[in-house]
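I'd like to ask you about the structure that follows.
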Amino acid sequence: MEERNLRQILQDVQQGTINLDDAVEQLKTLPYEEVEGFARLDHHRSIRTGFPEVVLGQGKTVEQIDRIVEKLAQRSDRVLVTRILPEAAEIVQAHHPEMVYHPAARALVLDRTSPENRPEGVMVLTAGTADIPVAEEAALTAELMGNRVQRIFDVGVAGLHRLLDRLPDVRKARVVVVVAGMDGALPSVVGGLVSAPVIAVPTSVGYGASFGGLAALLTMLNSCATGVAVVNIDNGFGAGYLAGLINLQAVNNKSL
Amino acid sequence: MEERNLRQILQDVQQGTINLDDAVEQLKTLPYEEVEGFARLDHHRSIRTGFPEVVLGQGKTVEQIDRIVEKLAQRSDRVLVTRILPEAAEIVQAHHPEMVYHPAARALVLDRTSPENRPEGVMVLTAGTADIPVAEEAALTAELMGNRVQRIFDVGVAGLHRLLDRLPDVRKARVVVVVAGMDGALPSVVGGLVSAPVIAVPTSVGYGASFGGLAALLTMLNSCATGVAVVNIDNGFGAGYLAGLINLQAVNNKSL
Amino acid sequence: MEERNLRQILQDVQQGTINLDDAVEQLKTLPYEEVEGFARLDHHRSIRTGFPEVVLGQGKTVEQIDRIVEKLAQRSDRVLVTRILPEAAEIVQAHHPEMVYHPAARALVLDRTSPENRPEGVMVLTAGTADIPVAEEAALTAELMGNRVQRIFDVGVAGLHRLLDRLPDVRKARVVVVVAGMDGALPSVVGGLVSAPVIAVPTSVGYGASFGGLAALLTMLNSCATGVAVVNIDNGFGAGYLAGLINLQAVNNKSL
Amino acid sequence: MEERNLRQILQDVQQGTINLDDAVEQLKTLPYEEVEGFARLDHHRSIRTGFPEVVLGQGKTVEQIDRIVEKLAQRSDRVLVTRILPEAAEIVQAHHPEMVYHPAARALVLDRTSPENRPEGVMVLTAGTADIPVAEEAALTAELMGNRVQRIFDVGVAGLHRLLDRLPDVRKARVVVVVAGMDGALPSVVGGLVSAPVIAVPTSVGYGASFGGLAALLTMLNSCATGVAVVNIDNGFGAGYLAGLINLQAVNNKSL
Amino acid sequence: MEERNLRQILQDVQQGTINLDDAVEQLKTLPYEEVEGFARLDHHRSIRTGFPEVVLGQGKTVEQIDRIVEKLAQRSDRVLVTRILPEAAEIVQAHHPEMVYHPAARALVLDRTSPENRPEGVMVLTAGTADIPVAEEAALTAELMGNRVQRIFDVGVAGLHRLLDRLPDVRKARVVVVVAGMDGALPSVVGGLVSAPVIAVPTSVGYGASFGGLAALLTMLNSCATGVAVVNIDNGFGAGYLAGLINLQAVNNKSL
Amino acid sequence: MEERNLRQILQDVQQGTINLDDAVEQLKTLPYEEVEGFARLDHHRSIRTGFPEVVLGQGKTVEQIDRIVEKLAQRSDRVLVTRILPEAAEIVQAHHPEMVYHPAARALVLDRTSPENRPEGVMVLTAGTADIPVAEEAALTAELMGNRVQRIFDVGVAGLHRLLDRLPDVRKARVVVVVAGMDGALPSVVGGLVSAPVIAVPTSVGYGASFGGLAALLTMLNSCATGVAVVNIDNGFGAGYLAGLINLQAVNNKSL
Amino acid sequence: MEERNLRQILQDVQQGTINLDDAVEQLKTLPYEEVEGFARLDHHRSIRTGFPEVVLGQGKTVEQIDRIVEKLAQRSDRVLVTRILPEAAEIVQAHHPEMVYHPAARALVLDRTSPENRPEGVMVLTAGTADIPVAEEAALTAELMGNRVQRIFDVGVAGLHRLLDRLPDVRKARVVVVVAGMDGALPSVVGGLVSAPVIAVPTSVGYGASFGGLAALLTMLNSCATGVAVVNIDNGFGAGYLAGLINLQAVNNKSL
Amino acid sequence: MEERNLRQILQDVQQGTINLDDAVEQLKTLPYEEVEGFARLDHHRSIRTGFPEVVLGQGKTVEQIDRIVEKLAQRSDRVLVTRILPEAAEIVQAHHPEMVYHPAARALVLDRTSPENRPEGVMVLTAGTADIPVAEEAALTAELMGNRVQRIFDVGVAGLHRLLDRLPDVRKARVVVVVAGMDGALPSVVGGLVSAPVIAVPTSVGYGASFGGLAALLTMLNSCATGVAVVNIDNGFGAGYLAGLINLQAVNNKSL
């Protein structure tokens, strides 16, 4: 809450246009909503960022997810449940038939907005075929935020010409999400070839000394290329969200 | 090289307006320059990104740095040498008196451009006083790219009101660099309070179970806040570069 | 055994008010009880601390748990079995119908005492919904020790206003248990806002670089806030026990 | 800031007993002080907790420490600078002759209060001789907070009788700080022998597979004893602070 | 093969008492036996050490175990299969009805020798009930080698009196195997109380920061007590073998 | 693409023997093939190396594997699918009856070439029986590349004579693949006994502090023997490929 | 203290042959001695084990070491200070001219006993030349305990014949200490060749992925050979002590 | 020693052409030489491999290095001392003026052979300038073995065109050593572009999450490219040796 709002409320109090209890309430209460003790929905975030709080399905019971979606769907046109298993999604869908389940991304999506007129600018690349689920989570997220997303899959560095051939397209993007497991080398190569920000997503794809994605994560953190930042292993959502944000900010020419 | 350039060169060959050797040369050569066998300067990057290849001082001899700066200073108005010790900087400065050394950031800077009219939008925060050197490296980098940078230091989460008091300023930024060692918790809090992208920089500040910055790095990678990405431990340059890029892209409303 | 007890026994021997064998026995035997070779019950602890040895269910067979509970229930009004699966709990309950199973906390509880008149002072917070099971284990433990426990769930730092709104309540506590997975940042923020001791509990909630709770653990160990100590990952019992102890000590104004 | 304060200010505004600008200022400003851009002093914490913000010397320049001490010494009777080297302490002492340097603890202390009438209740143990510096940091901290501290050093588990002999004293404490490197086993043994809370401090004392204190840290986190919590490796300050807090709370019989 | 054997064979060749092919064979062949390409049985070890090669069940198919046991049972009176699941053991037992399966230790044992007259001297302790399976593997191994083994279980350091009460027995042993998970502190305490060698066995019992036994392993490696050595996590067999060896050597007063 | 090819195409353009569009196409297109968006087949590699891109089965759906094999089998006589489970292999075999599944190696192989006249020179050793699956993957790979492979299994260093007895055979090889889990010591010993390159393959065979093969991996990387290089844990394919390459190069006396 | 001693004291009390205060003292006091608050000397251990408490020099000030040696030298004929730097040793030697400093082992030794008639049986091997300091610490320790020690250095597995040539000697030992850094493979090979217990000592010799001895440590813990146990990295003292104990026990045919 | 040699010696004994003691000696002695107890020189290796045992300077005293070089220089024309500091090298050179010190590679070399007529085929690449020392160690090693080595430095993946431009040269090599720190991505890219074996060398160049080369090491072990194997961090010698071996084997068309 910025100073001018504060001053306005105080002026209202001073001028008697608002009573004391209401003023206390306005200053005290923040716009969130409690769901039966186990969750607090952050409508505030939605107001501020133009995007609702996403529900991380992992670690929640189906009942909990269901109740949270219930609340969110009443106030928002766009809801995203990530890391939700098919069986759980099916149960939630029974109450919300308008939601769509994307099995590869393990994502359940409510989107009442129109996909038309979304600006281009977000590119999602994968090194291999097995990285696609994480990439799809990223792409779905950015799309739901209002971006048009281009996907190019299986262009890992061990067959460099596959990437180089698509370079003109990649270079057009305002932000590039690069998803890779195993050696995690693709973001370094892409980062050296484009001038846009690169959001690198290590995946747990691999075996042995990949240590569940640790190898790819370290590779990306140590990238020699400039303009590369990294999110958590398998965190397609985080990468898609950040990429969507960067693209929309550039499109909308955000003023200070 | 995109298809239309290729087509143009081939048309020139077809029409005889360029001879064969020149065409081969154009297709074969890439615009970099070799410095006595130990380094290859990437002017290509400068042309493409509007920013020269930065010199990572660490791991290079003073002589090597000196020779590389020599070459770069001939072609570029802006050169940044990072992680260079005062003694080495002094030697290089003897040949390049116009360069300025920033001891806190361990950075040597050549900047023949005017600092006026640089757009605002980049905010750099630190959790503690000891994080300032890394933050300064980030700020210097973004400034050298052509941004105006606002710094707010020592606003760690253990004294939350210090951050909340500056929140209006922080919320105005187009991109926020958050530098923190020890528990590395600041980016999560900032990420929940702003809607701009947050570039989190873990530092090696701390002791014991901070394990040289590993604790802060893991905290940031696992941030519950959205819109947060992470760079390497102590990588102020990388964060400043990415933040500068995001800000400039938004300012310039980059078209595809 | 303190010196005065020793002296008393010796005086009894000297004065012939106790025979030799009994004296030897008193000095030699410690008040524990063996359960068929696989466990030794520590009634001594119960006498000393006013709380029975808790049974860690994990790693024990159902038969072993059953036999241990059998012995404990004969001598104590309060028994806590932690980390016990529903199937195992059901078998034990068949023999001890007065026991109650708490599925979220995976805890089986015998409590013949009255919950009335328990002093307030213990607060249990969680960062997210998925941290609730560990928090419940902590709360149940402190309650069984004779504390009244207040729970506030899902107040993680990425939506800071959720916590700030409940701050007056949190500040009233004599000790605060803070349960958080993923980035584990909540204890640092709470530690900076309250003056009571904070017991931080990292959870294994998260994925990727959370490495089973390691990230949250390191964050908490490196907390910049004062008055914070940490227990093992997912160790709700340990945190609840320590918090209960601190609260009861303050309530009872323990003399030296 | 709690609701009743808020309500009071608003009533003052309503009743015209405070003008608008002052009200804004009171609501906006938080009681900290900025030191030339590199540090923010948290007098608020001092007011709330009765103890000033401690200065972590490590990572700060002597000049920075000196300026911060300057500010703190004007408002507080008790200042603690931790992890400060003798040379730096000497420079600061030149401006603050009343400060005392404790070389073993690497601590610089200003204490204008009287050490008399401080309540007993804090016990500090070490496993070995090399753990003493960390233990002294803990003891000094608790003393500066207003506790009387008893020290028993070199009672590691490999010579158990050394501990058992002092057990009556140890059992009298309201809280026990246990400092141990190498195998870090002492807190488990102490935790099983006393009913008071145990704050375990792993130290970096050891070699080889102690991995800078990691071994002792893990031992303590996995302690089988109840009532044990852990702070960072070598964090004597943190342990002393928490122990002091617990003891004072019990002494003062803190009401809710 | 020692020099005198070599010299003897050569003398036999010189004197013609052995023909050339036989000599080559004697020098070339080592007494092992191949089992259909997938295993090589080391009867040599049996001859040298008086104990047959043990079969590590883990990682082998039931068929492979069965064939190996087949071969070993023809030449040896004592065969030990470790880490074999009940289903696999059942199949092997069908062909070798004289073998006994010990479910706690997951061990399948053939022992045609008499358990009488085995010398005492090996003591096996556990910290908790959940460590018993590993301890049983150790005890069975030492028994099969010809030792009498005494077991004392559940005497962890958090209830020190349980151990102290059994100290006279423990001190009689020639070698003590100490099995502990979680904090792994028991070997340090035992090592300080006895003068016999202590073989410490970390177990994977625990959760969270026990990291599958790593915490206990590090504790034991860093033990402050003298006379302690460590084997792999859960390696009851290795500890039992070494303890058995040490005891038999002392009993037999091995000459050089 | 080397300069002379480039020059040839340009000459063709100059001389009009090729039209512009075809030239653009030749320069632009690289010989790979896209499979419905999820994979890009690298026939280029096959042309260059004489061996087709291998399909890593892990992380791909059965449908994806099936489609990729479909494409590859049309252009290549030799296809290798690694890390494919029996159920998946069965489905693919239904469409490609000529493929053979090797259960131990989890490999599905298409080989229309003749196994005759393949040169010897590749030796594959294992330390234990449980390492055989990885060794078989290595051997199959080298065979499919056109090598004859000799296997010697279960010759670990704890029974050194088993290896020494087969030393003459091992010394004849041009390259030795050494597969070992647990302590991973075999490559060091073999590397000291042979003069050929040794490709060391750590396996995840073991338990406890083997940490999924990490112990064996580190052992091999730190080998004191010369001529040893290491591949990923359980990466039989990688080792077999490299060994096959080295052997074929030596056989074919590759000219520069 | 065993039961019969306890009974004897009580009988003395009963019969009045000892007064009450003396009995209390005997039961209460344990035979250690405090050195000015920073150390507790364990003469008890000396009485029990026939060997004095060794002084770990690392982490102690020269003054502390000096005072401890002062006390120990008054009561014991044999004192060992380990990990003491030459400068510190020189200072201590000034007060104790009879002490001898062994620079390779960094050990300061007082030995007033005769080295004659010490039994053979302890063998110390090293893999390389750089491992000798740790091996010397082990050998010195065992010698000071009263053993004769044979040393064979630089017999690492990469040149196996160096070990095999000395095998007859190695096989004669009652216990073998094997010291190795880098790949740490020597204990596995030795363990397979001898039937005596093997005490493996990993050293920090190496670079890169040796991670300060971690690689060698893990190798040894995962040894496939039987009869091998491991001590901490660079812990020559611990290995020498254990080896000396095992040998003396076998020599003395310890009765139960 | 192979069977035919054994048979020959036995025939000589049988026929009396060799006396018994000489035969024993031949069978017993292996051709190494002991240097005053601290090292065993392996001339056997030299005979077998055509290359002398290299001296690892690290961890040895100057005196030890000097004595070892003394012995080696008498029997071999080529000696390589690695990881030797300039000061130590100077002392050794005083006794061996014909030796040459290479400061970048920290290598001291004796080479009395002619560098002419050495076959080409070994290529050494580095990702950055700071990787050159390790690359030089590799190149020197391969050269000393009798190879001609081509070096191309500073062609890291962040500026891909630098590598692509030199691709024709790189593709001509029989074996490629790729040296890279930080993200360690270069070997994956090179491995995908060439058909020759790639020996990847991670370096400790980097900071933060490079963890002393661990990041680059893991990247390389997880390389998606085929034909890549890895050596220890900074192990230029090991890579150069293996590359030299592979090249010479291919040149010499080694027969079985």
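Residue numbering begins at 1 within each chain, and the chains themselves are lettered A, B, C, D, E, F, G and H in the order written.
What we mean here is this: a residue touches a chain if its C-beta (ideal position, glycine included) is under 8 Å from a C-beta of that chain, and two chains touch if they have at least 3 such contacts.
Owing to the predicted nature of the structure, the values given are computational and were not obtained by experimental measurement.
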Joint neighbours of chain G and chain E, given as chain labels: C, D, F, H
Chain D-chain G separation of Cα centroids, rounded to whole Å: 38
Chain centre separation (chain A, chain H; CA means) in Å: 49
Gap in Å, rounded to a whole number, between the CA centres of chain E and chain B: 59
Numbers and ranges of chain D residues touching at least 2 other chains: 3, 28, 45, 128, 159, 192, 208-210, 214, 217, 221-222, 226, 232-233
Every chain pair meeting the contact rule: A-B, A-C, A-D, A-F, A-H, B-C, B-D, B-F, B-H, C-D, C-E, C-G, D-E, D-G, E-F, E-G, E-H, F-G, F-H, G-H
Of all residues in chain E, those that touch chain C in their complex: 128-130, 132, 151, 153-155, 159, 161-162, 164-165, 181, 205, 207-210
Complex interface listing, chain F residues touching chain H: 2-3, 45, 48-50, 54, 120-121, 167-168, 171-174, 192, 195-197, 199, 217, 221-222, 226-233, 238-239, 241-242, 245-246, 249-251, 253-254, 256
Interface residues, chain C side, partner chain G - complex: 3, 6-7, 10-11, 13-14, 16, 20, 23-24, 27-28
Chain F contact footprint on chain E (complex, rising order): 28-30, 32, 37-40, 42, 44-45, 53, 56, 58-60, 64, 83, 202, 204, 212-214, 217, 232-235
Chain D residues touching chain E - in the complex, by the definition given at the top: 127-128, 156-160, 182-185, 188-189, 191-193, 206, 208-211, 214-216, 218-226
